[in-house]
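Input: structures, listed below.
What follows is a pair of complexes built around chain A, which joins chain B in one and chain C in the other.
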Partner chain A sequence: MLPSGIHFKNHAEELRLLRTGPQRIGFALLLLALAAFPFVANTYLIGLAITVAITVIAVAGLQVTVGMAGLLNLGQSAFVGVGAFTAAALYAHYDVPMLLAIPLAGLAAGAVSIVFSLPAIRIRGLYLALTTIAAQVVFPIVVLRLPTGWFGGSAGIGIDRVQAFGIALETPAAFYGVAVCVMIVMLLIGFNLQRSHVGLAFRAIRDNDIASSVLGVELGKYKIMAFFAGAVFAGVAGGLYAFYIRYVTTDQFTIWLSIWYLGMLIVGGLGGPLGAILGTFAVTVLQEAIHWGGNRAMGAMPQISGGIIFSVTNIVLGAAIITMLIREPHGLAHRWNVLKSAYRIWPYPRA
Partner chain B sequence: MEPLQIAVEGTLTGLLYGLIALAFVVIFRASRIVNLAQGQLVLVGAYVMGTLLTILPLPVAIVLALAASLLIGVAIERLVFRPLIGQPVFSIVMASIGLLILLQGAVQLVWGAQTRPFAQIFPEGNWKLDALLINKRLLIGAVITLLAVEALRLFFLKTRIGLRLAAVAEDHFVALSLGVSVQASTRIAWAAGAFVSTLAAMILLSGNVLGLQAGDIGLRALPVALLGGLESLRGAVIAGVLVGVGEALAAHYLDPLTGGAMSLVFPFMLMILVLLVRPQGLFGWKVIERL
Partner chain C sequence: MHRSIQSKLGGMLAAGAFILLSATAPSARAQTNYNVSISLDYSGPFAAVMDSWYGGQQSVFDWWNETRGKTLGVKLNVKTYDMRYDASQVARTWPQLLADDKPIVFLGMGTPDLVSLMKRLPADKVPMIMGTAMVAPLWTANGWHFSFRPTYSQEFAGLFSYLQSRLPEKRALRIGTLSTQGIPGYVDQVAGVVKLAQTYPDRFVIANSQWVDNTPINVTSQVRDMLATKPDLVLVGTNTAQVVATVKALKELGAKVPVVTSSHNGLTEVAKAVPMADLEGSYSVFGFAPSVDPSVTAAQIFEKYNKTKGTWGLTAAQTSAQALLATAAIERAIATVGPTKLTGQAVYDALEGPAFGPEHFQGLLKSVQFTKEAPFPTTNLSVKALTVKDGKFVAVSNDWMPVPELAKW
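Now for the complex of A and B:
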């Protein structure tokens, strides 16, 4: 909600992502902070930020499929994996430049998702989750059985030197720049998709698929498009991941990761890309806090092991998801918007 | 091996899948909750029973473990799903994902990640019937599965309480307006679901090794439940047999050609093909929707 006194002369102005002067200043400051981050943070924090950026892209993709279109996807990490293997193979075997390999990875994941979403023409609702589980189960089986010359089989693919425009990206700080730029581009696509006619069709399907088909939304086509869009995000995230970790195997893309992605999205809120950002951020902070506390406790009590820290993280995330669904079903993003509108119209109470 | 032997083995394994799918269907059939944490429910039941078996005599441990599973089911209903009554189906599915992560973490925290032996409950080895070899543990499990499905069917179709549950499976608001308590139904659903899950854990793990990966069986059971139709009890078992036999045949005839891939992929191909023809599953309710 905006305070009184702000008027728009036409609809296009009202639809803008950044509508007022202060919003533009705020966004510029955010970009500046993102740019300044590698100069003030240590290597560990930069590495963490790269992981967050990659995860935000994957979760934003999940937001398109699950949040916007309301199609349950339990196989997002398989699509991340397809992207990672494609990017690694293109770069290692065919010398495709990194900045071309990443979008191609997105398209490859999208293409694979079309195969798995074709049943959407007939199958509805939760039964469709089956095909995403199928994607998750089939992915490692197929990658491991393909000729080792393609994806390296069980050994995986390694990437030795990463460079873009002839500049070697040897330090985490340099790769941070690439990851954040790709994240911003993908989030822009996400925010724009939400307000495009395709995004509106997705939301119509989510709210009531029969009603939307009566209104002229072609269900099969748009459901496949929703899976495709979500998988393109996943593939781009996978491409970045391949160049960051520089080593890809099927073990990195389990159903457990898919479930964690969903958890992050629920905590952040399914309603928009902002939910993906806040959710990934919140879960990462939670995870780091538990690791930090666990490491401190490990010094005092040697019987605490890494397994205990991992299981506590799971318990906290699981409890956080359930609490959010009971107390705040619209996620952190909704809290954030409430806070924002309260601040904007202060000192008047929120309507 | 001859085809008949393969079919028998597939059927017995399939009935075990069917039993786990049955737990899933029971919860859906009585509360309209899609329980993605099914594998973790089996996992919790397995660890509780495994621990009790190490300290108590066998019959006492089994009875106590099954009683504990009822309590666990009731606790899950009270803490997670009762506050969500009236929320969209989608929120409830998401809550079951939260439950999945929570239970997996809780089991690992309490019992640790290392594997442990699970006491032998059923006789091991095979019975010989002419040239056929029949696994004793799985055959007893199959009998338990068939008894469980028929008992639950009687409960759902012949008793007053069971018939009320059908209203809840149809629609929460309709049920509430007819004076059916969604709370009570959900409680029954989870108690029964956890009970059947613990039964399944018992058959799955008797004389085997118990580890955190026992929860992965849920991933095989969910597709079976979808194939059978989410509302159909017998459907879950029939779908289990279909998948089990299909898997066994694929493992024997197609795996040598594809490097062991086909037995894992084939069930999914079968399920997607069936769902293309019957989108509500083999025996699911065909719901006529209106705007």
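Now for the complex of A and C:
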């Protein structure tokens, strides 16, 4: 719902992502806050922000495949891993610049995803999810069996020094800048994909794939494109991750990570990239709160063991997912939209 | 007058005695404080063992501060960090840790610390000491990460060599391996044992290798296939779940074949899930003395100085050895640069120096010698092992078992 008094004079105005003045001001303030963050936060929080940025990209990719196209994907972490290993190998073995290695990593993950998206032409739902689990299972085995000169085998790949444009990204603040910029670019792509004719095709397939094929949407082509697009996001996230951690091994990309990504998306909302942002942020805050509170509780009550905190973290995530599915199945993004529309028509009640 | 002269003389004598005693009494030496940072996991997958884990380290550092530290004029302040066994957590905690603590040594916990810090430590000039065994992919030169334990495969080799030499007939020891594909460390363990068999074909042969899920519910069919090849033992160096599944499968099949484990998935942990009778004759092998070994005097240090809820056992013994290596390196660094000029570089140089003899390790280690070629000792290796005999944990041998030479694989 648009605020009262907002009328578009032409199609270009209607296509804008930021349609109103307050939205533009709000976005500018957000950018300002993001730019100012490293100057006011400590290095731990900056590191946390970097991790959140990387995760937002991966979850935004999952939103494309699962939310936009309705194709259940439980192998997103494997595609993140493909991106990570590709970026690390390109940088460490071939001196490919970091800012070129990351998009190439995305493309590599997208290419690999095509193999696992082929079954999507014929199957869907839980059966499709099983084939994506296959990606998760196959990924580490393949990496370990490939020649060690390619991806390091069981040793993994290390990155000695990270730099972009000759500037060493040695401090968290420096890397934060790169991570946030990449995140903004990928989110812009996600928002625009949603509004494009490709995004329309994805949503048509999600709503009713048979009806959409009757209407002329090429199911096979667009399903593969949905996987490809989602995996490109994952590959970019993996590339960033590789440069941040500076060492990649296969056991960093497990099915549990894929499940966390899906959980974040469910909490945030499957409807759009905003769901990826809100879900990642909410779950991360929840995790940190549990660890912070748990450590304090352990200090105050010695009978509490740390094992409980680890279990509670997983229980709380599961509870959060169930709660959202029951109370707010469209996620935090929907709740945000409800609040926004209520604000816009205030003091009139919502219908 | 006579009395006043006497009392004055007495007072002068007393004052003189006091001055003499004061001059000869050992003076309280001014101490320089340094930070030692430790990676722990209070809220991740290994949280349940953290009390014993940290207890081993904390007791050693408190003991050292109270005894040697006071003499040398150095006090080690221990700072702990909950890294949640997560590489991302290590990566985002490290910059602040480095800036705030300026540690002279960092005690790592496991793979997340290695993965996140291996490439940063040379620039940050902080040596990291691990307490876990290593894997061949980490067999790299000029690193700033160290472990007093060699690779898992080399530790297993030490026990295999001991057992092979005690076979009733002169033949190769038949080794069955049970592991998981897709996890680099686990795959490497088997690769190392295969290399052992290739290097000493008359002494060791791989009877069979089975690959199972990481946390299997049942491995009976795989174990049945393995038993057909008549292994003398089954190596399960992965995790407790696999050891438990293997022990249950062997019992189900009525087979009396010993299982060989490491320290992290050792018999003491497995015994919480299966009856001791089912573990009779099985082994845990590692590059340090088991906690039940009577020659381990570190147990007394733990007994006296431990402030955690942890108990003395395999975990505490492992981390005590880790902390003792750190203190040995610090002592050597003090001898080189002095107590007021300790740095991470000085501790690193000390670690790369001559071998640390057994006198540093309270019976836990034989000796430790690092070279620039590897982050762990590669020569004159020896191990000890634990077994279950008559329902009790006992040391396999009071003597150290030498490890056969094994080239990098």
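Here, the second predicted complex is superposed on the first by the 343 of 351 C-alpha atoms of A that agree within 3 Å, B and C clash if a C-alpha of one lies under 4 Å from a C-alpha of the other, contacts with A are read in each partner's own complex, and residues count from 1 in each chain.
Quick note on the criterion: contacts are C-beta pairs under 8 Å (C-beta built on N, C-alpha and C of every residue); 3 or more make two chains touch, one makes a residue touch a chain.
Quick caveat, the model's predicted, so the values are computed rather than measured.
Visitor: Once the two structures are overlaid on chain A, check if chain B and chain C clash or fit side by side.
Guide: Overlaying the two structures gives a clash between chain B and chain C.
Visitor: Have a look at where A:202 lands relative to chain B and chain C in the superposition and call it first, second, both or neither.
Guide: Once the two structures are laid over each other on A, A:202 reaches no partner at all.
Visitor: After the superposition on A, what does A:85 contact: first (chain B), second (chain C), both or neither?
Guide: A:85 sits against neither chain B nor chain C.
Visitor: Under the stated touch criterion, which partner chain does A:247 make contact with: chain B (first), chain C (second), both, or neither?
Guide: In the superposition, A:247 contacts chain C only.
Visitor: Looking at the overlay, what does A:329 touch: chain B (first), chain C (second), both, or neither?
Guide: Only chain B; A:329 stays clear of chain C.
Visitor: Between chain B (first) and chain C (second), which, if any, makes contact with A:160: first, second, both or neither?
Guide: second
Visitor: Taking the superposition as given, does A:294 touch the first partner, chain B, the second, chain C, both, or neither?
Guide: In the superposition, A:294 touches chain C alone.
Visitor: Identify the partner contact of A:127: answer first if only chain B is touched, second if only chain C is, both if each is, neither if none is.
Guide: The answer is first: A:127 touches chain B but not chain C.
Visitor: Of the two partner chains, chain B (first) and chain C (second), which one does A:310 touch, if any: first, second, both, or neither?
Guide: both
Visitor: Touching A:152, do we find chain B (first), chain C (second), both, or neither?
Guide: second
Visitor: In the combined picture, which part of chain B sits where chain C already is, 25-33, 169-177, 205-213 or 241-249?
Guide: So the stretch of chain B colliding with chain C after superposition is 205-213.
Visitor: Using the superposition described at the top, list the residues of chain A that contact chain B and also contact chain C.
Guide: 137, 141, 307-308, 310, 313
Visitor: Please output the residues of chain B touching chain A within their complex, sorted ascending.
Guide: Residue list for chain B touching chain A: 34, 36, 79-80, 83-84, 87, 89-91, 93-95, 97-109, 112-113, 219, 222-223, 226, 230, 258-259, 261, 264-265, 268, 271-272, 275-276, 279-281, 289, 291.
Visitor: List the residues on chain A that touch chain C in their complex, please.
Guide: By the definition above, chain A touches chain C via 42-44, 46-48, 50-51, 137, 140-141, 144, 152-156, 158-161, 170-172, 244-252, 290-291, 294-295, 298, 302, 305-310, 313.
Visitor: With touch defined as at the start, can you tell me which chain A residues reach chain B in the complex?
Guide: Result: residues 70, 72, 74, 119, 122-124, 126-127, 129-131, 133-134, 137-138, 141-142, 145, 208, 210-211, 214, 255, 259-260, 262-263, 266, 307-308, 310-322, 325-326, 329 of chain A touch chain B.
Visitor: Can you name the residues of chain C that touch chain A in the complex?
Guide: Touching chain A: residues 41-45, 47-48, 50-51, 82, 84, 87-88, 91-93, 95-96, 99, 111, 114-116, 118-120, 123, 135-138, 181-185, 187-188, 191, 309 of chain C.
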